[in-house]
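In what follows, chain A forms one complex with chain B and a second complex with chain C.
== the complex of A and B ==
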């Protein structure tokens, strides 16, 4: 108990020096905590925003192999899929049936590739709430040949709301087709991970793809929570496997990107007839999760570099402290305090600085997070995809924060250990004789 | 009785017209056979010049190897330098695209455009008009100094690139002088002209083609063929390994 008290007293004797050392540690902790807090909510926010854009968390594609070996993407009859969803009593917010193509939009000599998703606007009114309107109106979608495009595509083609453009595409069997769209609205492209799709009426998209009105390509389930994705997908996969032929959920073990592995099975596997492909938003976000790992690793490296610099400072400071207090150490040793007591005193002082700095860093990080999370960055912000409804959010893991604090404590003790050990090993007579 | 005579005349006139209608299916078969090398191998060099408004002219040179008896072909890009070594290889039903930079093969198709031009892989391959299309209408006309049949063809399956074609075929010889390609929505997409043919062995192939993009005003692609030969090609040419090796 005395050691703790003396250590605090010693630190308060050099308030400025202790404060500066603690501030350096606090700064390191502030940075790593902000990075961890940001990446903690990164996947969740990106996931939610993508779920809005893709209108779903779990997706099922129908894939047919024709007798001539062609691969067709089509769901002709979804009775078995719907039955499986009903049997499992899966709670979902929305169920979507979308058709999609990648075509070339042509307007006044300019052309650009763009994927277009066909949506049933009457059944999927909620979808308009997911898109950030910049110009035009969703009401314009009542025109069956209307299309909604992102600001980037509209700029590239120099399009304005009401303009008519050609679209060149292939039908679901690969035949050439040409259609005509009228621009109904321009929406914000949040960017970051590729461009977003354009949206049109499913009836017309089906007509262009040469699909029947009740046929489609992808069934989507929008679940109440992202936490439900993996267990629901697993259960649905097992249930569907009883009735229909399915592609495996896992790709090759050495495949870096699990989503690409699922997608490539169609090309790489030998199969016949009709198969379904089940994948989730989490599969699609595996790359985003890799970004989080990279960010956290970068954060840890920054912390280590900062602390190597800070450790050098602590070591030098404690060497100075030892020389300043050399006669004091001699007196304490002469009064019967053992080597271990001296070493403990120095290490306790270092631990106080380390913990004090770390706690101050945590407090500063909390303050910065509160301030940043109060700022409305706007729904058309370039970092929109990272935000939650336009606000920055942070999520800290208790274990990660505790590990960071532990690391700070260990590094601080390590930095102070050598001067402390040297102080402990001083001979009392030599120390008392030393002239500063 | 008064009506009998004109009706009889009309009947015989119609019968005469019908009997005068050439066998267009046979004509299409003849066109397919003229462009198909059957048991022989075929190779040549194509120069593809793509013009797009506001863009620099793009010139692609490619060597074509064809073995029609096994439905195989290889298109190896020779120019421009940045795309040199890229290739399209048909093996069985699959067309693969090889990129020497990534050293990877990816799925392609006969329906894909060659590089940035309006020409498709299928334009350089043998045709199967008789098998894939039915003649739904015909008329007579002239194109330049040639008397031609103008045939309207409708696809018999939904896997061919263009659901509807119009062909201008010389009356004196089964040679296509012009084609129009239509989309499923019946919109004219491309017009192709074949002003020159050359004899390669017993076959006739267009040595010049002009493809006009009807959707993008001002876009056109010219294709010229040279060094055509029916010399025997080694089997290895039609393999992925060859594409990889030729780039080493």
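== the complex of A and C ==
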């Protein structure tokens, strides 16, 4: 028998009222937990999805400035790059060497701009697993002049699988060139990246770009975990700087995103010969992380507003409770309970409601998360990019959950404090003779 | 030596823009072990005086001395401790804590304060009190399952559990029928004899008044008469 138990017994006196108050708190906690849980896995899912689209986590482009002032994107010889990766013993899942161009696809009088990435289909089997096939087959890539295009592009050009189209492009030195593609497959464009690239065989792309078979433009590294991106990129950059010229990773102005900053340097800086630029998925996704901050802040604001409303409810309830039990308070004081004891009794009651509600809210959130994560939203869902293989995932940080619970506890105590303090300060004789 | 002393005590209640002079200079002594009744018609100031003896209210002027301690210099905390240690309360409308059962209600005062008794000692004494007030079969019942007389018996046991030297009872029989009321006062008297606890109860019922050994009659906020039976005035050298 102590304050805690008496407080619980008191709560059971007005079961409905306690339940409603607890439910309100549970609802607030449910909402914030869902938001936190979703945003917690949001960055990772978006990152993984983009990593698949961009084929990597860390990228190195070769950039050359010719004596006539032309900028060429080419890696002629990657010995130094590979050496650095091996020296650092970087663990990677895949290493890719891609060539890419932006050209015009022409079919029966329709034309459209499209970037095409050259891929080594033998080496990069994993890649097909990441693309969502809508029509055709990846087997068709056996044909050296095959191309895979998104549904949007195929629709625009009214292309069917098996159709042949023309492609107009500039070689890596800027000469006009023309080629021919056969549509091997149509894939889904999840839509959030602007538009996704088309994919063709690297040998043919190199031929069109006038690159030698073993030359390419971008080296990509797939890491085992997204958490490795920044430290690995950092180390790789420092190691490479010993052997080759690199563009700085930071822009001069902090507000531009890091990826754009590197791009600008190529335009604006005075330089000659061969330079490399190293950038990461995180550089390109810095906006995504801002979205997460916005979402979490919005969640917190929602929580605060909810809790201000709930706090008013708690304060009013405890005012009522104080009045209902005024003679009881007087009795307890007469029997020798100190002022602090009365205050503690009320605050403990409030804390029980707060914690009970919060735990119920967490349990409800867990249930909702389990249910939501069972639902298959489809690979062509408009929110595909936020999902993991078409499923919602949630990740809650322990610290954040603990902080939320702490916030709930503090706010409940704060709300109950004024009525509790008033009850504690009642003159025992006054409390005892008050008629309800 | 007196266990309770009132010296020229006045109490003035503010009432809107006017004042009520409820107690107008009351002086008396109560000895250790007294079984005393404060009698008088409604509005004569009985409750006000008991509240001041019980240290749940303070006089406007004058002095209240409990166990030799002048109360007007004590802080709220010290007064609360004094109440807890020295005084038991029995109320007209019982004032049991509704969420607690008979045993827990009696135990409640023991959960407060500094010197908490050992567990088995405590249980033994509570069981003794439950037996003493005749509620052995009701120990796990909640107040709303008891009759008025039974509730007041719980209150008597609760008032005694901290072994106070003074038990105050403000019209303890007013909510009971006359037979039950008399039984309650007889019970209090029995305990007064057995435990030598000082009982001070107020009443306006003449038959109940007669059970007391020492009667202070109030009228309109002043002592109208004082009557001692079977009792001498407090001996000066008596231990308290």
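By definition in this document, the second predicted complex is superposed on the first by the 425 of 436 C-alpha atoms of A that agree within 3 Å, B and C clash if a C-alpha of one lies under 4 Å from a C-alpha of the other, contacts with A are read in each partner's own complex, and residues count from 1 in each chain.
As a working rule, contacts are C-beta pairs under 8 Å (C-beta built on N, C-alpha and C of every residue); 3 or more make two chains touch, one makes a residue touch a chain.
Bear in mind that the values here come from a model prediction, so they are computed numbers and not experimental data.
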item	value
Partner chain in contact with A:23 - chain B first, chain C second, else both or neither	neither
Which of chain B and chain C A:327 touches, first, second, both or neither	second
First (chain B), second (chain C), both or neither touched by A:177	first
Contacts of A:13 with chain B and chain C, given as first, second, both or neither	second
Touching partner for A:341 - first (chain B), second (chain C), both, neither	second
Which superposed partner A:429 touches (first chain B, second chain C, both, neither)	second
Which superposed partner A:166 touches (first chain B, second chain C, both, neither)	first
Intersection of the chain A residues that touch chain B with those that touch chain C	none
Partner chain A, residues of chain C touching it in the complex	47, 51, 54, 56-57, 76-77, 80-81, 83-85, 89, 91, 93, 95, 97-100, 104, 107-109, 111-113, 158, 162
Residue ranges of chain A touching chain B (in the complex, touch as defined)	66, 68-70, 106, 109, 111, 166, 168, 170-171, 173-179, 208, 210, 267
Chain C-facing residues of chain A, complex	1-2, 6, 9-10, 12-13, 327-328, 330-339, 341, 427-429, 432-433
Of chain B, residues touching chain A in the complex	53-54, 92-94, 107, 109, 111, 155, 158-163, 181, 183-185, 187, 189, 215-218
